[in-house]
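Think of it as A, B, C and D in the order they're written, each chain with its own count starting at 1.
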Amino acid sequence: MADERHGTDPDETLPSEPILDVAHLGHVELLTPRLEQSTWYFRDVLGMEIVAETAGAVHLRGYGDYAMSSLKLTAAPKPGVGCIAWRAASPAALARRVAALERAGCAEGWIAGEVGRGDGFRFRDPDGHRMEIYYDETPYRAPEPLRSALKNQPMRYTGRGVGVRRLDHLALLCRDVAANRRFMQQELGFRLHEQVRFQRGTVEIGSWLSPSILHHQVAYVVDARRGAGRLHHVALWVDNREDVLRAADILSEHEIFIEAGPAKHNNSQGFYLYTYEPGGNRVEIYSGSFLVLAPDWQPVVWNEVERGTGVYWGGALPESFMTYATPDIPALRAAPDPVPLFDPR
Amino acid sequence: MADERHGTDPDETLPSEPILDVAHLGHVELLTPRLEQSTWYFRDVLGMEIVAETAGAVHLRGYGDYAMSSLKLTAAPKPGVGCIAWRAASPAALARRVAALERAGCAEGWIAGEVGRGDGFRFRDPDGHRMEIYYDETPYRAPEPLRSALKNQPMRYTGRGVGVRRLDHLALLCRDVAANRRFMQQELGFRLHEQVRFQRGTVEIGSWLSPSILHHQVAYVVDARRGAGRLHHVALWVDNREDVLRAADILSEHEIFIEAGPAKHNNSQGFYLYTYEPGGNRVEIYSGSFLVLAPDWQPVVWNEVERGTGVYWGGALPESFMTYATPDIPALRAAPDPVPLFDPR
Amino acid sequence: MADERHGTDPDETLPSEPILDVAHLGHVELLTPRLEQSTWYFRDVLGMEIVAETAGAVHLRGYGDYAMSSLKLTAAPKPGVGCIAWRAASPAALARRVAALERAGCAEGWIAGEVGRGDGFRFRDPDGHRMEIYYDETPYRAPEPLRSALKNQPMRYTGRGVGVRRLDHLALLCRDVAANRRFMQQELGFRLHEQVRFQRGTVEIGSWLSPSILHHQVAYVVDARRGAGRLHHVALWVDNREDVLRAADILSEHEIFIEAGPAKHNNSQGFYLYTYEPGGNRVEIYSGSFLVLAPDWQPVVWNEVERGTGVYWGGALPESFMTYATPDIPALRAAPDPVPLFDPR
Amino acid sequence: MADERHGTDPDETLPSEPILDVAHLGHVELLTPRLEQSTWYFRDVLGMEIVAETAGAVHLRGYGDYAMSSLKLTAAPKPGVGCIAWRAASPAALARRVAALERAGCAEGWIAGEVGRGDGFRFRDPDGHRMEIYYDETPYRAPEPLRSALKNQPMRYTGRGVGVRRLDHLALLCRDVAANRRFMQQELGFRLHEQVRFQRGTVEIGSWLSPSILHHQVAYVVDARRGAGRLHHVALWVDNREDVLRAADILSEHEIFIEAGPAKHNNSQGFYLYTYEPGGNRVEIYSGSFLVLAPDWQPVVWNEVERGTGVYWGGALPESFMTYATPDIPALRAAPDPVPLFDPR
């Protein structure tokens, strides 16, 4: 039986020395059936900047991303997440992780990098999400009109639209949270910061993991519809809660659907707003949360009662938040969605 | 001698019944020697909207102004303020004020309105600033692309640049504060909300007046250089202090000089940022302050010590804040500026 | 049939000259069956200050209220609103309104003032809410430990709890919105700023009124349970949206129920949070909204579709928001609540 | 000559693999000649919580610190910084650092921990500041009245005063910035994120370092008065810029001197406010800044012109900011302060 307090199974052996080989989430590829409209959304509404356009793809960045590009929009028949790229902490760290991934049998081999990112080693998580680890990166140098007055800021804050600063994290659905969570801990050295476990801790509903002191850069949450490799949301950072409120005003003026928020999660303490980009993917405008400074942080585990609706101040996340993900798939026929992530009161 | 506590001279007789004939500051005309650059500043940087362009003039509005236009930029050899227009509370109120102004001997007669504003009655304050009172106004109807998702908002919040909501107030320099202040009280019914008086209350340095519960819509401050009809600044409203901070980031990225702030005044409690538009006029991005709900509010009077530097949290306004106004004029030769408005420590 | 655009019935004759005799909402009395806990809530959690305690009553103030007291808590068997007091603009204004109220047949006569407020003239609105109009008021002088560093602030900002600045408005339920709305317009000179009208404008669901440029100081909303003289909520002002978010954190830490928000209304654009004080009355922590500067403002009228859920950014107000008021009464038996104020999706 | 772009001397050999052995700044001891008043300041004004009191010392924490205590106030004849404690990333990491420090010849040996912190290994930086590295830590368990409604928050957010969340960083003065900076890099594995270098990069004025993706947890700045082991400031974190503004209001109401801010630094992009606690030590209320995610971040180096006044939006830091530190010492007699850190225009 699971150890509720620690959120880890006693039979799991984690290395006594932390693996600190992954630096951060470096890049996310989103698939979109409406490339033009998705580009408008991220550029004109969210205020990101286009750095490159290739056949069937647009590469964007937030004003605070140090890499050339943190987001790639790729034309595809259905929405969803393409490749998720993690930057290693050093060349040696990259070599160590590649070796571990090869041993784990999930490797797909090296591919050539693009738009500033060097060669990457492709692999899949147990649920089938495509991932990549890389080290080489050519930092962004802003062209003159986009050069910031701040020498330590990679690009000017243009004041256009929402003004996304940088890529923050993503949430992935999966059929087996424990398997995917363990994979990230064991093969990539991620730290487990929070969990939702139901039924006296025996059913792992969701896990929030990070390669650093950031609260989370990936969350695995159970897919109530038993799909594979689906995306719940990608989250983009703004600096203040007030920026999230302002984003809500801007999205509303564009008549873009806001699914939930602005409000505050209880787990992660994130201040959120969820919206769908025109291609169908859920996007979170995100701020707040907290840094996990403790190197021996014991995962915070929420049970059914503590979890409540997932909203700190009251209210609830809507039904769609539990069931909709990209690509969208129909509900299971035999029974109602059997694992309610939250109580959508 | 002045009654320090009340901030009014005992020999002044104010009407026992308040005059409530002026509704609000409706429109300000700024003169600019660099019309094109000034237009860029107000439209692209501050996020105002152009509603009309005529020969040598551009008419703009904030997204929350109910009138068609609240700001007119007029090409001129030197910067400064053109006409300052006050909206009357009713046709009868307009008639009463016109009669009073004619009696006071400062009337200049009727002129045709423009851009939604009906005919106005022109006059001058004792210091020579050109003013106008009017009642007729055609409310703004936004064209389709600028229509707001909010039925009670005249225009969409576009999310461009600073995002000025509306015209708020202006500050005028003058040679005799008491004379101008009395004029606004007696002829237009303005309420006196705050004052700075030095030398045991005998020297009136500045007065903050309003036709409504807004803290002030006009301030008269002594002109240290003894000019006539000069403008200290025009203030544009944003809803939150955070918007003023964000304005500072946007102005800095455009390498537009910020003279002072963001910070908080002690008098008015306004949260301010001062900058110069390309034509040379000082512009304040403004929020905070407080409403004066008391109909019998006793003016708050600040002496030298209480006034301090005029900045609530410490620090000081720069020297230029005391001496620069538009049109700019040289310092008096005979002596240093004799009336320091603040101590620019 | 009602004139949808103007929100007023064509057969209603409003005076051509505005009546500007009421200055503002001066004081609200709340009835509470749990005086001690209600006092804790307003003092320790919301950060208001106790100025006087009498048998069965506690008098409080926000740090920005210029009057001695703006809120009275009175022990009573059931929660609800006691007397609602409006301050007149002048002695003559008071006399005019008293005469009008006497003519209207709703007068209850003069009563002695208390805690700084002078004698008041009592009356009832058509729905039976007890009201009062008064002029004399002794401004608050803070005792030494509560004196503010700001000469224009009546009391120090103590930094305790939510830090309510001042009384803002209240919302009253009633059986006949039009009758109560007309009463406030005709007898007290209130301006009608917004309305919700259903069924092609024939059913007046709610009206938002103000004696000044404040968006509203009283709202009348139809009582779905057909009670009399009930209170929907009293609203207390904080200066920034961020203060409302912070209030949500503080209330949550005290495990005080937050019924809705923080979020933004479409009508009024108010940024709100609704909570219940321990006595059962609904309290709104409120900021944002907008000033109605136009003296000839045409009421904004929302129909069923435009009204939506009443929440600008999406989501909905909960069922209780439509049905719960103080004192609480059972739902009508014959039929479900027949007049849904909003669609609580 | 220094390599301006990289901010590191070419003759310095840093290890090719990063040392990731220090997790974060865990604890700071402040010396104060006015223990009682300092305690009032941190507890009642800044809103920290007392967790233990011993003879001549008070131990405090922010509501978000996971450790029992992050700040110790120790009675002493003069203000200044006592011991600065860094938490290691693991027991093995601690052992590695202890060995390195012993090799470096700056070790002072083990001392017993206190208030939840395990045994620590004492050492001194080249300038003589006393430091400690430790690993064992008993996480804080809040007593019932201080338990948070948020399971992932160590302690309730009480809403008292400024509401400091956690310890963030400190700035130390020293005679030789390069020596101290190199020491932190080589012996403790700190990353160098920003620098100020004057005279074509040959004079290192200040360096900002961090053991993690936090922008900085220690800054070394040249001591213009050639003192030893002095403290410039300790910084305490609040979550939003608005909290810093609110802190300024609270400090002002307590008539506590604000030396500078609220404003925004150019280097670090920190949103700051500087004040002195009653014992004389400078305290920063801090938010904003940015995370340094790049594992190969090239230090940003500011020269005289780029550095300007150190204030992003304009204005300047006051003279005292350059000269005052604790313990205070007189200015050098022979010459004016020879190394101006900033231009205090």
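Rule of thumb we're sticking to: a residue touches a chain if its C-beta (ideal position, glycine included) is under 8 Å from a C-beta of that chain, and two chains touch if they have at least 3 such contacts.
Model, not experiment: these values are computed from the prediction.
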Original post:
Count the touching C-beta pairs: is A-D or B-D ahead?
Top reply: A-D
**OP:** Going by C-alpha centroids, which chain is farthest from subunit A? Tell me that one.
**Re:** B
Original post:
Between subunit B and subunit D, what's the gap in Å when you average each chain's C-alpha atoms?
Top reply: 44
Original post:
If you average the CA atoms of subunit A and of subunit B, how many Å lie between those two points?
Top reply: 48
Subject >> Centroid distance [mean C-alpha coordinates] between subunit D and subunit A, Å >> reply: 32
**OP:** Find every residue in subunit A that makes contact with two or more other chains and list them.
**Re:** 149-150, 240-242, 249, 252, 312
Original post:
Touching subunit C in the complex: which residues of subunit D?
Top reply: 45, 47, 148-150, 156-162, 240, 242, 246, 249-250, 252-253, 255
**OP:** State the interface residues of subunit B toward subunit C in the complex, per the touch definition above.
**Re:** 16-18, 20, 23-24, 64, 66-67, 87-90, 92, 137, 139, 149-153, 165-166, 194, 212-214, 239-242, 266-269, 288, 290-291, 293-298, 300, 302, 306, 312
Original post:
Which subunit D residues qualify as touching subunit B in the complex?
Top reply: 241-242, 245, 248-249, 251-252, 257-264, 271, 273, 312-315, 318
